[in-house]
Amino acid sequence: MSEDASRPFEPRIVAFFCNWCTYTAADLAGISRMQYAPNVRVIRLMCSGRVDPQFVLSALREGADGVLIGGCHPGDCHYQEGNYNALRRFELLRLMLRGSGIEDERVRLEWISASEGDRVQKVCNEMTEQVRALGPLRLTTPRRVEAAPTAPAAPDERAPELVGQVTP
Amino acid sequence: MGALAQVATEPTQAAPAKRVTGKRKKWRPVKIPSRFEALLDPGFAAEIAADVPDGEDLRACIQCGTCAGTCPMILYMDLAPRRIIGMIREGARDDVVHSTTPWVCASCYSCTVECPKQIPITGIMHALRRIALREKTYPRGLPVPLMEREFVNVIEKRGRSTESWIAMKMYVRTEPTQLLRHIPLGLRLMRRGRMGFGRESIRDRAQLRALLRAVDEQPRKSAAPTSRAPGVPTPGTGGAS
Amino acid sequence: MRYAYYPGCSVSGTGRAYEESLLAVLEALGAGLDELDDWNCCGATAFPSVDEDKAIALSARNLALAEGRAQGSEPVDLVTPCAGCFRALLTAHGSLEERGPVARQIDGALEAVGLRYDRRVRVRHAVDLLVNEIGIEAISEAVTRPLEGLKVACYYGCMLVRPNATFDDQYHPTSMDRLMQAIGAEPIDWSLKTRCCGGACYGADPFSGTMPQATLWLGHALLSEAKRRGADAVVTACPLCQFNLEAFQERMVREFGHPIEMTVGYITQLLGLALGLDERTLGIHRMLRWHLPEREPAAVGAPAAAEGGGHART
Amino acid sequence: MLEPEMDPTSQPVSTNGGPKVGVYVCHCGLNIAGKVDVQAVVGFASTLPNVTVARDYKFMCSDPGQDLIEQDLRAGLVNRVVVASCSPLMHEATFRRATAKGGTSPYHFQMASIREHVSWVTADGDDATQKANALVAAAVRRVALHEFLEPRQASVRPDVMVVGAGIAGIHAALTLADAGKHVYLVERETTIGGHMAKFDKTFPTLDCSACILTPKMSQVRSHPNITLWTYSDVVAVEGFTGDFKVRVRHRPRYVREDLCTGCLECIEQCIHKQGKFEDEWNEGLGKRKPIYIPFPQATPAVVVVDPETCIWFKTGKCPRTCIEACERDAFDFEQTETFDEVNVGAIILATGFKTFDAARIPAYGYGYYPNVYTSLEVERLLNAAGPTGGDAILRDGTKPKTVGIIHCVGSRDERNNAYCSKVCCMYSLKLAHLVKERTGADVYNFYIDMRTPGKGYEEFYDRIMKEGVHMVRGRVAEVTDQARSPQEEGRLVIRAEDTLMGSVRRIPVDMVVLAVGMEPQPDAQDVRRLFNISCGGEGFFTERHPKLAPVSTFTDGVFLAGACQGPKDIPDTVAQAGAAAAEALAMVDRGYVMLEANTAWIDEATCSGCKTCVGLCPFSAIAFDEERKKASVNEVVCKGCGICVGACPSGAAQQHLFTDAQIFAEIEGVLEHV
């Protein structure tokens, strides 16, 4: 956690990729040795439908400057319709984020199939550049920057103060 | 026309009646030059690639010959487009920049759209012309380079071209006798109001000149590739002499 | 409907009849063209061979001038009858739209002379306009003297569909054939629709003085094939192709044999004839040769004309 | 197999004591260590909370690497394991097994992908090390929260379904059936045999395709362990590995398969005296009647009525001489679609390919010049059972004197298929030989590169060249009927650069053969969705690993055979079909599979009874107790997507291995140390 003025701003982006399409595509990008910005950190979920809006909020609160969600193309979900759920939740989330003054470019939902390694590269680079252009995310609520306690607390204790609960 | 006459004696298509003579007047040796690696310019491919949109694709050439097969002007080229691409890739810079091929190219884009690897071949030909003009390696036997210069000068000065003037100037400078041959056609056109000697021009010439100057003054699109073999001496140049 | 119009140097010179017939036909079809004020040369293919960036800048100036006619956020249609100018404008628009380093350079240059281009121009060829804006149907309804029995070879040339095809198939274009069918003519089927005529190669030089033999050879191949297929006329959509195919027929014959005597007209001239326009309005008197088979208006044209006339009464 | 299995003799190391995390950073030779400073990552990891051991090793997936984990667990130094190495899709199972061998739950493990996601995709070494640190920190935080879970098992149905009965499906089905498994073989066409049944000869041995294929076809027909369903397709697939429920639709033939003997008397007696309709089997080169059999050895030898062309179906007025002709009363004009539903343990997809549509390259004039043929059409012309009885003649009945064969049609072309179709060089040589043999014609082959890797292939190439076939190295630019000389008049002219001669040639020919490439089936995308697998960019089905799992897919229990996975010739197809059969056999023969532990559960205490989850579950795995107003997950049906968890407003729904707490921990981890 350094916002050292001497160093240029490097955006931090947390990505939630579904196991079947986008995570596999990221693996393919690796196998194909496609170089992309190191700013994106991928968290693997089984399905983009698992992405709880709280994950996104939590990431932004913990210091991420952007969040990328990757799922299978519509109609291709390994679990039939998880990505549609993700999309619905994402739309609501986006409205809410706009209300909090968070730019659209910071939170992005992308459909990337297992064969689209080049798209992972493109999206990661693109998003890094966009967020870099926007600059660091400044939330009105101070971010938690101290190291977390050694044994992480239960999830309900860390419900985001930024906004309330979201239902699909 | 020296260069042309030479290449045109090697037609491989069913050539026009006049050209099929069936016998060669004089025996001449077939020249297949050997090339030392030191004579090649390893940076040439990068130089071209940087100068043409999607030029990087030339590295993917599979030498299939579709470009040559589809080219309407192939008969008149000293190096087939396929060979040009192959030679660029391997850095045979000196031969390529002396070739007549870019100047014979009709810019019809057949090769570009037919190329299975989607190499922008026509764009590469234009880039080669730019290099040849810059380095004065264009074939002296062909009037095309002079004409292009002339054309560009007229546009830069007046903003529009007047066909009759450019043609006239060309003939005066290259083959004055040819001009006489065209007088009857010129007269027919003039009678029909399709040709005149009034010179076209735009009103705001100053703006156009300023615009073109400003293009030069803008920060360059990309740094030109630097790697270039130091002054390569070349025995026997390809193409026109 | 009125459109921005970019004539180009050739149409203002040897291609005058093309402009005259285009304007007349569009007027008859209820459309009009407004010439860009103080347009400049598109640079043809010669300019990019000398300086590519400046070639784009030339077209960028024309595009900026056209955009000046924009109303609101609607894009502006810029119509050009010349295939060479069409390609130049389209290529320039394409490179500018990519917004890469070249685009930045050109934008900067435009700004330096007080111009600005926001990529809101759609570059259209006259054939595109006829087929896709005015429409085949409207044209066939307006026909009063269908060209029944006239066999035409539609010659698209290189640059109508290459390197980028915007309104027709790149390999097998059909828009001109459809236009000819709409006016009752019979387009012949041939494989040289988009084969180069050699005319546009040398920076708009109508005399092809640069490489006469090559140019004649290509033109001869086209015309003899059209003749072999039984065409009465070749129709073009480009002033350079037209001139090149029309003006050198004697020399082609001298050089390669096979007598050719082929009428080479502009597509707009045939459209105009079918719409019942006067030959002089269509600039037919400017052509070097014009021999269409005799049409007998009473015998051939009458029934169809009556039918067409019925449609035409709107 | 790679499922984790706990060592039953040992007790769990620690389930309720504090977490002691071991971090193992893999060099992967230089794959990781070449970019990431492995020592720095180990140093960093050792500073993280809960970490008691941090080590690096050259190849963690090797036996000694795995032993490191096992020993540390057994020694009580650690009770949670993080391996920073390749993708979990690659070696998660390996390391879970190692963790289980150390005596704890295999799920007390987390992987950090620092190869695919870091070293292979990051240009700068420092950046890469930073990113690796972040991913390791995330895994360490997360693994501390992992619960003790037991691996789940599920039993496997013994039967197997094979979809597609070309040579791949036939071979796979026979292999399984011979091993004593029951196989449902589903074929969309009226006969099995696929493309191979259309060929005349096969390269490089030139043995007759029918002679080697038809015995296998009749074996399929008569095998007691094979249920053959032709003219049928799969319409729905449910369930998961070990227990798929597949719904198959049978289209009506209007002839009862159990009664028809294949005497073909009805075809003879059809009111149409001559074949009149396009014969699809012969690529439209022949004509058939409304009642037909594709070819004499069709299997099953059962006729089929085409309702589109049959007069009875079209007008209702026909004496129906066919019915009279049938001695067994096999006709049933009232037949409708029927359905079957079967449960199988594994599925093999062998749905094959289609040939490239040559009309997509206008320069070659296919569909425009009548004497331009595709290679498959020429296969039919050369086939003794084909429309001309094996004569290679043109549409006007004459024999071609010169034939041009154009390679790579639709292949190696960015505008169509960028890939090499692999088989065209060889089959073009075969066609060159056959055409020359049958007609004595001069044959020109136009190729870009000759690709003849394979046993006996180069020798075949050699032989064909010595037979005097012209080999012109150059891709054909166009086929035209524009004549520029008297000998070109009335013929087709092939224009190509002969790159070896260094000149453009115009070669007049009478017949052009387009060596069309192989493409995915047009409905490959639908099939892919149906079976929940993926396709590559070019549309062929994607295997689980290009080298190490070439017949498996990302969906367990679904295997691939033949050209549906990529262009292949017959020997490769048969080999792959055998491999797919063996993989399926290994799975069903064992009788059980291990299942992922990542199912969802609902904490009754916090469940508010809102029922949001119930409607969202794509697998109807969530039941709702109306009395107690609580939802509950059926863990057997749950597939572990976590959609319900993401949606639960009260946080009552949770997912094993993906609990909110674990993911929050991971988020903090990736962000904390950057």
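Think of it as A, B, C and D in the order they're written, each chain with its own count starting at 1.
Going forward, a contact is a pair of C-beta atoms (placed from the backbone, for glycine too) under 8 Å apart; a residue touches a chain by one contact, two chains touch by 3 or more.
Keep in mind that what you see is a predicted model, and the values were worked out from it rather than measured.
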Treat each pair of touching chains as one step and give the shortest count from subunit B to subunit C. 1
Please work out which of C-D and B-D is bridged by more C-beta pairs in contact, and write that pair. B-D
What whole-Å value do you get for the distance between subunit B and subunit D if each is reduced to the mean of its CA atoms? 49
Cα centroid separation, subunit A vs subunit C, in Å, comes to 52
List, in ascending order, every residue of subunit B touching at least 2 other chains. 75
Do you know which subunit A residues sit against two or more other chains? none
Can you pull out the residues of subunit C that are in contact with at least two other chains? 171
All pairs of touching chains, please: list them by chain label. A-D, B-C, B-D, C-D
Could you please specify the touching residues of subunit D with respect to subunit C in the complex? 362-363, 365, 478, 480-484
In their shared complex, subunit C is touched by residues of subunit B numbered 4, 8, 16-18, 51, 53, 72-73, 75-76, 102, 104-110, 112-113, 120, 122, 126-127, 129-130, 133, 142-144, 147-149, 151-152, 155, 159-164, 166-167, 170-171, 174-175, 178, 182, 185, 188-189, 192-196, 200, 202-204, 207-208, 210-212, 214-222
List of subunit B residues in touch with subunit D within their complex: 10, 12-14, 62-71, 74-75, 80, 82-83, 114, 116-118
Subunit D residues within the subunit A interface of the complex: 18-19, 49-50, 87-90, 113, 115-118, 120-124, 127-128, 130-131, 134-135, 138, 141, 144-145, 529, 532, 534-537, 542, 554-555, 598, 612, 616, 618-619, 639-643, 645-647, 649, 651, 655, 658-661, 663-668, 670-674
Going by the contact rule set out above, which residues of subunit A touch subunit D in the complex? 1-2, 10, 12, 14, 19-21, 23-24, 26-27, 29-31, 33-36, 38, 41-47, 49-52, 54-55, 58-59, 62-64, 75-76, 78-82, 85-86, 89, 113-116, 121, 147-148, 150-152, 154-156, 158, 165, 167-168
